[in-house]
Structures are given as C-alpha cells and as structure tokens.
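Note that the chains are named A, B, C, D, E and F in the order they appear, and that numbering of residues resets to 1 at the start of each chain.
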Amino acid sequence: MEAYSRNLDVANGHVDLSHGAGGRAMGQLIEGIFHKAFDNIWLRAGNDQSAFTVPGGRMVMSTDGYVVSPLFFPGGNIGSLAVHGTINDIAMAAARPLYLSASFIIEEGFPLADLERIAESMGVASRGAGVPIITGDTKVVERGKADGVFISTSGVGVVPDGLDLRADAARPGDAVILSGSIGDHGIAVMSKRENLEFDAAVVSDSAALHGLVTAMVEAGGRQIRLMRDPTRGGIAATLNEIASQSKVGFHIDEEAIPVKPEVAAACELLGVDPLNVANEGKLVAVAAPEGAKAILAAMRAHPLGREAAVVGHVVADDDCFVQMATSFGGGRIVDWLSGEQLPRIC
Amino acid sequence: MCLAIPVEVREVLPDDMARVTLDGVSKIISTALINDVRPGDYVILHVGYALTKINPEEAERTLALIQEAAMGNAT
Amino acid sequence: MKYIDEYRNGRLARDIARQIALTADPARSYHFMEFCGGHTHVISRYGLEDLLPDNVRMVHGPGCPVCVLPIGRIGAAIALAMRPEITLCTYGDLMRVRDKNGWSLLKAKAAGADIRMVYSTLDALKIAEAEPQREVVFFAIGFETTTPPTALVLKTAIAKGLGNFSIFCNHVLTPAAIHSILESPDVSKPGTIKIDGFIGPAHVSAVIGTKPYEFFAEKFRKPVVVAGFEPLDVIQAVLMLVRQINDGRHVVENQYIRAVTRLGNVKAQAEVANFFELRESFEWRGLGELPLSGLRLRPRYAAYDAENRFSMVTVTAEDNPACECGSILRGVQKPADCKLFGRVCTPDTPMGSCMVSSEGACAAHWTYGRFRTKARQPDAGRAVA
Amino acid sequence: MEAYSRNLDVANGHVDLSHGAGGRAMGQLIEGIFHKAFDNIWLRAGNDQSAFTVPGGRMVMSTDGYVVSPLFFPGGNIGSLAVHGTINDIAMAAARPLYLSASFIIEEGFPLADLERIAESMGVASRGAGVPIITGDTKVVERGKADGVFISTSGVGVVPDGLDLRADAARPGDAVILSGSIGDHGIAVMSKRENLEFDAAVVSDSAALHGLVTAMVEAGGRQIRLMRDPTRGGIAATLNEIASQSKVGFHIDEEAIPVKPEVAAACELLGVDPLNVANEGKLVAVAAPEGAKAILAAMRAHPLGREAAVVGHVVADDDCFVQMATSFGGGRIVDWLSGEQLPRIC
Amino acid sequence: MKYIDEYRNGRLARDIARQIALTADPARSYHFMEFCGGHTHVISRYGLEDLLPDNVRMVHGPGCPVCVLPIGRIGAAIALAMRPEITLCTYGDLMRVRDKNGWSLLKAKAAGADIRMVYSTLDALKIAEAEPQREVVFFAIGFETTTPPTALVLKTAIAKGLGNFSIFCNHVLTPAAIHSILESPDVSKPGTIKIDGFIGPAHVSAVIGTKPYEFFAEKFRKPVVVAGFEPLDVIQAVLMLVRQINDGRHVVENQYIRAVTRLGNVKAQAEVANFFELRESFEWRGLGELPLSGLRLRPRYAAYDAENRFSMVTVTAEDNPACECGSILRGVQKPADCKLFGRVCTPDTPMGSCMVSSEGACAAHWTYGRFRTKARQPDAGRAVA
Amino acid sequence: MCLAIPVEVREVLPDDMARVTLDGVSKIISTALINDVRPGDYVILHVGYALTKINPEEAERTLALIQEAAMGNAT
C-alpha cells in the first residue's frame, strides 16, 4: 500500500514547515519541484551524495551563497544566478566545470509557484551549461527567519593539464582583458529594489562563462596568468584584489571599458560608479603580453566576449594602486568601494 | 554635495508627480517645487524632487561659450 | 544623456585647460576653492587637477553636508534610533559616519536599531503612514538644495495629520559657511595660502539663486563663479575665475545659466521660509560654531521637531586633535599634509570630517588622487594617458 | 600605502551590512575569523575556488544546509555540525572525504564573538577529521532576513576501488546494523529550544563517521550494500527511505536499539519516539548476511561504534513496511513522522 | 523512569495475556472499547493486539480531542488567525488538522498568520504580556485533563488585568461521549458488534475521579475499568474487564489506584467550575452533536471568550461521505473497512477525524498496524518476535 | 489523549512552581492545581501542570496485583 499524498498545489500553495521536516511532504517537494526541474540520473539515484568518475589530475571546488533581493530581476532570478555564479568561479581557474550541488534554505510561506520558477531556471541554466546539479538539500525555516529563499551552490571542475592560474601571478607588463560591458547585473537588480524603484531596460548579464574560457584556453591557455569574475564590488574590487594579491599595480584606460548607455544613465541617477557595480557574466583576465592578442581574438569570436577589450596593463607598484586614465586625460585611483549605502544624496 | 541630474519629463501625473527619464531609465518624481511642468521639459532631479527646469537656450549658449573658450576666445 | 554627455568632452576640457595655462599669469599663482564636495568629487573623479597648470590650484571646501555634520549630532541620532519605539529614516550617506565612540548608524542598525535608508523624504512619509504604531523620524541633512524636500514633506505630514512623524533637522546654509571661511584668521594670516576665488555650487543656486554671493564677493573682493557639476562646467568656471583675477574683477558670475538664475526658485524658498527659521549658531564639523549657518523648525511646528519631541541631547565632541580638517577646509593645508591621512584615517576609518563622505577633501584625495602624493616621490607609478 | 583598518572588535562587535559588501570590511571579516579558524594553504591562496589533485576514479559530492536553532547546543554548534554532517554524507558512500567548502549567510547584528566561536568549532572539527575547508563564501543579509547564521557545506570524497553503494541495493536477508544509541542530537537541541525548555544531561552525538566507515570497509567493504546517517526524521525516516528505494521491507527488533536513559526520558516528556529523533553521529548499514559479523566486530572496535548492533534484517515486502517487534513481543510499523509539530498535548 | 519502566515489562505482559487467554471463555467473544486515543496509541505502539487471544478484541474510541474537533471550528480558528491583529497560540497537535478547504493552521502560518505553538497555557500568557499590542488568543482543546490548566491561565490573566488575552474554548467531556456511544442506535442494532466494556482514561480520572462512570456502568450494565497508559496497565485492565464479564459484574473498577481516586482532584474541579459552564450541545467530529458534552466560558468572562470577543463564526462542514469514522468510533467498523483508508486517507491527507491525530483509530492503524490488514492476505510479511 | 507522565518533584519554587525531574531530565512546572507539594513527591505532569500526586503505596500494590495476575491469581 503506497502512501497516498495530495499533489503539490504549485499554483496556489506555500512552502510550510512540514516541507522541511524530513517526512513525506519534504520528499514530495523535492521530487515535485527540484528533481523535476533538474532531471538527471544522479538525483534519481536518491542518495545523500552523488558519485561520478574523474580522470585524475587537478580539480577545483568552489561555493557561493546567493541572497539576491529581489529574487526575480530582469534577465534572471536567484536560481539561474546560483548556477552561473558557481560555474564561473570554477571556470575562473580555467577549469571545466563538471557538477554542481545546490542547498536551499526556504522561508515558510514562500510560494510554491515561485520556487518552481526558480528551480526551472536552474534546470535550464544547468542544462544550457552542460553542468548538472547532482545533489542537493532543502531546509525550511520559520517565517521571518529568511528572505524567501537562499541558495548555496557548490561546484567541482577539472583543470586542463599544465594550467595553474593563481591570484598572485600578475606581472608588470601583462595585459588586462575585460570580456564585455560592465554593471548590467547590478543595475538590473537595483532597478527592482523597493527603495530605489526605477525602470530601466537593463538586463542582467548573468551567464555561464566556461565556454568563453575554453575558447580563451585554446587560444592561449599558458599565457593566461589569472582570471576573475567581477561580481560583488565590480571590476574595481576585482582589480584591487588582484593588485594586492599579486603585489602589482594596474593602469587602466577608462575609455576602453564598455558601459551600456542605460547602465551609465542608471549609475548617474543613483550616484554610483559602474566600476563598483556587480557583473555576473563578465570576466577579467590578466594575460602575458605576448598572448593577449590571440586571447582577445578568441574572446571576440565567442558570443559572450564580443565586446572584449584590453582595458589596461599591469605595472610594478608597491602601493598596489589601480590607476585609471580618465577620458579627460587625467588620472585617478580606482578604489574598493567603502561599503556603499544606497540611496545617497551626495 | 547634492547629487542632482537633468532628466526629461515624459508624463505629468496627478498630485504634482511626473514620470521622468534619463536615457531609457525612468522614474517617478515629485514636481511640487516647480511650476508649469510639461512633457519634454528637462528638470534637475534631487532626492526625488525636481528643483528647477533647464533652459534649453541657455544650455546651447553655455556649450557655445565652452567651444569658444576652448578655442581661446574670451567669453 | 542630454545635458550631461556634452559637458564631459575630454578634448574640449584639454583645450580649455590649455587656454587656462595660456591665460594664467606665470608670475603668480591662483588658488580657487570649490566650496562644494560635488565639485571636489568631479575634480578628483576626472583627474582635472592633472589638466590644470601648476600655478592654478584647487582648494577643497567644506561643502559636504555629511562631512560637516557634528559627530555629536550623529551620536544623538544613534541614541534616538536605539529607542525601541523609533524608526529613523536617513539618506544612505549618513550610515557610515562614526560618533565619538566609533559607533555609526550602520552599527546601530546591526545592534538592533530600526533604521531605514530612504531615497526621498516621501519614502519616510510612506513609512510613517504604513506603520502608525512607530515613531518615524526623518534625519534631515543637506544644504539649501535638500531643504525644500524636507519642507514639503513636513507640509504633507501636517496636511495628513500624521502624528507619528517628525524631523531631526540638520539643514545648513552655504553662504554662511563661505563667509566664515573668508573671515577666519587663518585664511587672512600672512604666509598661508590665500584663496583667490570661489566656485559656487550650481545645485544650491538652483534654489537660492546667485544673489546671496554678491554681498561677500563685494565685501571680500573675491570673484565667485557658480558652476555646474560636469567637468567642462568646472574647468570653464576655473577659466572664468582666472580671467576675473587677471581683469581685477570680483563679481558673481553664473556659469550654470542653463538652470540657475539670480533669484533662484522662489517657490521652493517660500516653502522653506514657511517651515524653517535661522538658528543663532550651528556647529560645523571641522569649522566649529558658525553664526546664522543652520536652520531649525519654526516653533509652531515644535511637535514635528524630533529634537523637541524626544528631548534629544547633543553632546559636543572633538575630532582627533591631530586632524587637520579645519585647515584643509579653509584651504590652509592639503589632505596629505595631515599626519593621520592614510595611516589611521581612511574612508573605512575616518578620523575627521574630510574623510567621512566620498565628497570630503581627504576622502576624495584618498579614493581618487592619492597616487599623486606618492608621485612626488621617486619610482612611484603614474597612470598612462 | 596599505589601507589601515581598525581591528575587528570580536569581543563586542556585530556583523553589519558592510561585512557583506565586497569591500575591505568583508575581507577583514573573512581573514580575521574564517581564515584564522580554518587556517590552511588553500584559503591562503585567496582564489574564488581552490584546487587539489585527485588520483582519478569514482568520486562523490554532497551538500547540506544547516539551520539549527539554537545555534549552540550541548555537544556542539552549527559549525561543528556543518562539518560533521557533510563529511558523513560523503562517508555514507564509503568514500574518503577529501575537502569541504562552506557558505555562510549571516544576519546583520550577529555577534562577532559567536561567529568566531562557530568558525573555531568548524576549524577544530575539520582538522580533527583531516578534511580541510578549502573554499568559502560570506553573505550578510538585513536583520530579520535570516536567523543568526546559516551554513551550507559541500564536500567531495573518493570512493575506494570496487565499492559502489546504492540506495536500491538492500536485499532480503541482509542485516541492518546501527552504530550506536539513537536520539542524542535531536534531544540535545530540543533541550535548548525556547518553547520546550527542559534540562537534560544529553549531549549531541555530532561526530565525523568516516573513520568508522574506513574500519567497516576494511572489515568487509564488499559486503556493505549501503549506508545512511539517520539525521532529520531519525532512523524511522532512514529505514523507510531505504525500504522504498530498495523495494524491500525491514524487520527490526526494538530491544536491540540502544537508547540512552536520559534520551528516553526526554522523549517521554515530549511525547516523541526516539526512532523519529535526529542523530548526527550515527549510521545505519545494510550488509550482506555473510559480512555482518566482521563488519560489526570492526565497528565495535572503533570508538564511534562501541554500541553497534544488528538491529534487524531486510525482508521481501511489496509494501515496503518497516516492521518492528516490540519489547512486548507484539509488532508494529515504524512509519515516517508526518511532520511532527512540537509541543503536543496528546 | 520510576512509575513508567516497571509497567513496560514485556514478559509480565505476555504472562498476563496468557492469563487472559485462559480466563476468556472460548465460546464467546469480548469487545472492549478503549475510549481514549492514548490507550489506542499504547495498544498500537506496543502491538498489544498481537498478544491478546483472537476472541478478545479492542475497539478504538473517540477519545482524542484533536480528532473530534469539528472541522468548522478549525476553520473558524484559521479565519481568526488570519486577522492581522491576532496571535493564535496552540498546542502543536492542532497544526496539521485540515478544514473543509484543505487548509490547516500550518498552512495559515505559512500564508502569514501569526500562529505560535505553545507547551503550556502559561506560555500563551507570557506572549500576551510581552506583546501588549497583539490580541493573543489561546486555542483551547482537550478533555477534563486539559481543562484545569485553561481555567488557571484565565484566572491569572484576570488577576493581571490582561486586556489582550482570550480563549477559544473547545474543551469537551469524556463521560458524555461514552454515554452517547452507548445510546447510539448503531451500537444497539442487532448484527453489529456490541461493546462489552470500557477502558476509561486514567488522566481524565486523575481530575474527575472514577465516580462519573458509575451512572452509566449501572444504566447500561457495562463494566468500566479506569486504566493507566503503560502497556501493563492496559493489559491488566483487559483482564479485569474479562473477569467482570465472566463474573456477570458491571462496575467501575480503578486499575490506576496509584493516582486516581473515586472523587478526583477537587481543587482542579473547582477551578474549572468557576470559569466554565456546560454547553447545551457541542459537535464532535465523527459523532455529531452531543448534548451536554462541551464547555464554554461563563457569561461573566465573556470578554475573555474569543468566540464572543471576535464574533467568531463556525460553519458546520461534513466529512467525506465515504468516511466511516462514525461507525469506527462506535466500534461498529474497523479502519481497514473504510474504502478511503490508505488510499486517499492517510495521516498526511486525513479525510476524517480518525486519521487526524496519531491517536485516532485510523491513524494508529496506519502508523503502527497496517501490516496486520495485509497479513490476512497470502504472502505478506509479518514481524518476527 | 492527554500526554501525561510521572515526574519527581526536586524543588518547590515560589508562585506554585516546582522543578521536577525524569531520569535526569529536569523542567519547571506549575503545581497550582495540587496541594502540599514536597520534594520527593511524584506527580503526573500534563501540559506544564501537575495534575495529581502519585500514591507510592498504591503503586506498589498495583505492581503486586500485576505480578499476581501474571501468575494467574485472581485479583
């Protein structure tokens, strides 16, 4: 006698505490939403962990928590973001992402319809990237103890032989390559924030970059010193991080950095600098000067790197300054953002 | 101080409000501090309020003055 | 972006800079104070100082309402916000400013205070309407530009009969501060840098007009150019100031004719006058007590005045004695002259008013320009053009 | 000129929003608390992912989110739990856990001292288990949008050659081995819940089980059909899960299941069945009958398996019933818990 | 555990069961109703039915306050809890019970209602004191055992002058229900199972004593044994009932002499009498309207009566017509006789009162005993001893 | 119905409260429904309240009766 369960009322139902209690309701939620959306043999095996075979050699592992607010934004949602973001952190090691895990922390009362939409986006993103979500976990917390849903994804990948990208590998003279226009993700999300409300035709750039990275590695893998995806804190934070880890400085050319007009406009409106705004489908690569041209050409031939450009180069600098030549011919420092609090008046 | 930028009025709304845009970015603001707002007007926006209108002729004139200054002609 | 992009033309800026170099008298130096932090920001952000000839130097003034807010008043706001019945609404700029104990609204929020960042006074009003059981206090700061929105929200709150809304007023006045700088003994002391002229903030003048500057342009015989906040506006204003000096003039000129008139926004001025009155004196961080330099709610609106309604107490507190803000705000010293600059004083750990907001002189120098201080030393890097 | 930062005021400070904003304050939090507590070369490399070398073959990956309330309980805290729990899910595949990742979602206002305590427990647990935390992520959300701190850990491990444990591998006649007394973790946590408050000398059994598993594998690896750690839902949930995945039934002997007297007493007080109470340092193994004796002996020789016992066996049953012979000689079904809501009156 | 473990001795239980088999007349059958769900639980949990001879059968009664709560009253509680000003405090048992729309307090909580699970009435009172701006309603259910704590909390609330605390009273009475079962035409109909005696709940009698059963033991000539909730208590009570039947007696006997007296807890009874009065009639899910079977607050405490204070409306709703609870609760049918059992009706998706709580007859059979129904068919598994 | 268990009173507290234990598990409960509570008493605990005391002699007697019943002696 199989236990009968009422179907999940996805259209009108909410996540309640029983969906996290380890009983049948939880199994039903996981089956009816996550397994259905992610659909693969690993999840179907129903273990607490999932197994796979690797060839041996260097691997990488990464994790990120996603707490974006609002959960849905132009160009994606927390689910697609959680897939792309972790794939990208794997890809930034020049690794080929293999598998993902996903841990959900859901607030009591969260609409099942929204959860399904998020899970479906994850399924689409993961299949699109060819990186399956092979294991997961679901917790439900009381109303007021989370913010809708939080997702932590982790991923593993394999590093092609002979590649070893390191945060401290940038050398004076190296080229700094940016894969495309900046600020799209952050502005798309901010445009939907309750307290900032504005409308902008800006769509998050959220995308999985491992295909672009593969193209770059083929064109000049050994010439790539390191890569970073400029997420929280924007390219300003990324460049400063690299500068201090590699103990070098950067000279960047403002005019070489692509910014979409709508993004620039929204930045004006909010009084923020696009250099500080988050991206979710862009990368910054530091490459040996002799490899920059080939890498750049390979990037431009890839759909996610069409606007790629050399935006500056590495200099020796004990102060690890990231300096930028402005479009005026003046110079300025590009600093970390000191924890910007929006909205501002001045 | 005083983050403020020129935006274009697109729509005049009830209660002294208006929809303004800046290169495709749009926002609802208060126009209670100025008079006779019309679509097509440019206003200076600060903390959600239009502070004043932009005078298009004077703006033209400023640009002309800047051009002249750049060429070394005294204002 | 119309009315923005055309004023950000780098080629024109370089051309004007060249004209400034040609126009400026090589036998003398020119020191101009941009009063306003917005101008300080633009100058640093676009590296305008690199374009100007060596004998034309900018002095960064006190024109940032966040920077000049006395830390005692931050402390009072924090104490108020910690009261369980209070919801304090604030512009985001204030969140990181530290009081004398190193506390900030950011930390108070983390410690449990109900503090909400708002974009507009209207947002604060919405909160008061939506949560009638809360005492909603709007932490009002700003110069003349930002005061009319506070006046309007007060007007609306009164019209709606909102009993749970009040204002902690910290609005201050631009001309009063410039006046005080010019009267400071420091500035007139022989051997210190003299200020030869002022760039006045266009957004303040969009409200008050250019007229209020006429009095001290005349009295102190200093030229004033009210200028916009795009880089071409600023560099044009510098050229206008150099020309006034060369010509021996000292009048108020309006570079921002596209939105500023001599009399300003009379409607906005009337709203402000209806709700606010002058304080006899108000403390400016870095400058001290300045007479007739701040506003408070008129007595008939005492019920809406948080200082009165909650018996707020402001304890005066001194900045680190090594802090040179006072001199910097008067143009007597530069940020890098301060012993604390970049050592214990950074935007993450501001010790004085000039480091508090990104528009403060020290913060702007740290954030955008500190490679310059370095560049004076051998071997340091410089940005390529 | 290195940026000066005030030291973290761990004793009195709170996590604020700037600690999650991607700027210097965040770097300081991560350095000053997590890197210090976890202390290893991978984290020190400062990449967005961490690299390691594997021999090749079968690997497993697992993830779990930890949302325990209260965060500190007798015998551990959310941090040690997050390390042990994920190690155990890896170990249940008979795999050797290699590396962990940790993603923190922290509520604004969380005391730095508590965060440090949690991180230190994780460091101790991870070093104790020999499984380093090699990569992580930190997010801060506004007050009221989380519950102190949530941690999601993920882990990877390598499966010894020739072992392939599967959820559907239980066969009639197989022995069911339980590694020790049940209910300790759940009761320890409940004893500190605000609305249940009682005092019990019960300590969570939270522990990393991979050492025990290694001993079991050495004693009779090929005879182990599958293993599970009976966490949420207790051994009742675990046995029912296995029963339905393997399409078998279980016959369990109540008297063979060890329950500590304090745990039994607390269960009486709360009206719960120890079979439904969570464990965090126990495992259930299903083993071929011919291997059971050797495996059991190996378990009993291990500190974490001293009370190990054969508690029943697998039977053919289309209904997948888990039946238990009670100490009375009667029989009953052991069912999933239908989302128990505590406290109850009847 | 003193006073617990010694009553859980399996060997003794088997010995007594053997004595029951020896004592019972093989020529007849014995059907005993354990009124109380607690006994149903113990019988299922320890598999006592396996120990009893085939001609001694237990019939599961309606003694679970969660099961018999009419779904209309659950609906009313949900509607109340959805009101923004209300905080509804409830024992955890009620969280999963569904109203006629499939809603439950659990779902209402997920949808935003402020519902708190409490262990004790004292916890509800604490909430009312700590949050004076909330209307705190205690959702009171239970038999005579659970009523005195409700009376006491009301007493305390009144003493403290708490104006924001009230009670949604659903307390019901045990003897009234047994009486009604015995008077049901079903039970006395020829050809249906007759009930030969009752096991009465010790915890109810700890409060009311054994005396209230004397009336109908006499009237209906049915023996009643008030028994404790450990398995040896129950099996001893069965033996006592078999002996009464064999002896032709029909008196009230007390198996639980260690805590039950003939008159019960007089102090507790007085507290209850002070605050509550009989309702003329109250609906029992599965049994229908039963006269004089429920309590309500006395009119002088109307301000504390949530039904009055919030004008609560209870809409009567029928269970699925195929649900056999009514017959099961009268001992006329068994859970597995119901067409819905285990198909659409399970503890996760209860269709009738007997499946609602783990103490309901159907839920107990599902949770602990359903392999038995199966065992009647060929090839099905059986637990080993 | 009516989850209730015997617990031992360890400490009598003010306001009709008491600390009780069950095999090392301890809890604060109300004793407002019963009289003359003393440490060492066993009480029946239900939803945080002591409902009644356990009579140790009667408990002994019950066990004796059960033993007898098991041995086939009539009660």
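Here, contacts are C-beta pairs under 8 Å (C-beta built on N, C-alpha and C of every residue); 3 or more make two chains touch, one makes a residue touch a chain.
This is a predicted model, so every value here is computed, not measured.
**Student:** Starting at chain C, what is the smallest number of hops through touching chains needed to reach chain F?
**Tutor:** The fewest steps needed to get from chain C to chain F is 2.
**Student:** Among the chain pairs here, which one is joined by the most contacts?
**Tutor:** A-D
**Student:** On a CA-centroid basis, which chain has its centre farthest from chain B's?
**Tutor:** When every chain centre is compared against chain B, the largest gap points to F.
**Student:** Please compute the C-alpha centroid of chain E, do the same for chain F, then give the distance between them in whole Å.
**Tutor:** Centre-to-centre distance between chain E and chain F: 22 Å.
**Student:** Between chain C and chain E, what's the gap in Å when you average each chain's C-alpha atoms?
**Tutor:** Distance between chain centres: 73 Å.
**Student:** When the centre of a chain is set as the mean of its C-alpha atoms, what distance in Å lies between chain A and chain F?
**Tutor:** Distance between chain centres: 61 Å.
**Student:** At least two other chains touched by the same residue of chain F: list those residues.
**Tutor:** 1-3, 5, 22-23, 46-47
**Student:** Using the touch definition from the top, which residues of chain C touch two or more other chains?
**Tutor:** Each of 1, 4, 37-38, 64-66, 91, 96, 106, 119, 123, 142, 146, 348, 359, 370, 374 in chain C touches at least two other chains.
**Student:** Which chain A residues reach two or more other chains?
**Tutor:** Residues 1, 3, 17-18, 23-25, 261, 264-265, 268, 319, 338-341, 344-346 of chain A touch two or more partner chains.
**Student:** Among all the chains shown, which pairs meet the touch rule set out at the top?
**Tutor:** Listed by label, chains in contact pair as A-B, A-C, A-D, A-E, B-C, C-D, D-E, D-F, E-F.
**Student:** So in the complex, the part of chain B that touches chain C is made up of which residues?
**Tutor:** 1-6, 8, 22-23, 30, 32-35, 42, 44, 46-49, 51-56, 58-59, 61-63, 65-67, 69-72, 74-75
**Student:** Applying the document's contact rule, which stretches of chain D touch chain E when the two form their complex?
**Tutor:** That would be residues 195-196, 249, 251, 253, 261, 264-265, 268, 315-317, 319, 321, 323-333, 335, 338-346 of chain D.
**Student:** Please output the residues of chain A touching chain B within their complex, sorted ascending.
**Tutor:** Chain A reaches chain B through residues 191, 197-202, 261-262, 264-266, 268-269, 271, 344-346.
**Student:** Show which residues of chain C lie in contact with chain A when the two form their complex.
**Tutor:** Result: residues 1, 4, 8, 10, 13-14, 37-38, 44-51, 64-66, 91-93, 95-96, 106, 116-119, 123, 141-142, 146, 231, 347-348, 357-359, 366-372, 374, 380-385 of chain C touch chain A.
**Student:** For the complex, give me every residue of chain F touching chain D.
**Tutor:** Counting only chain F, the residues touching chain D are 1-3, 5, 7, 22-28, 45-47.
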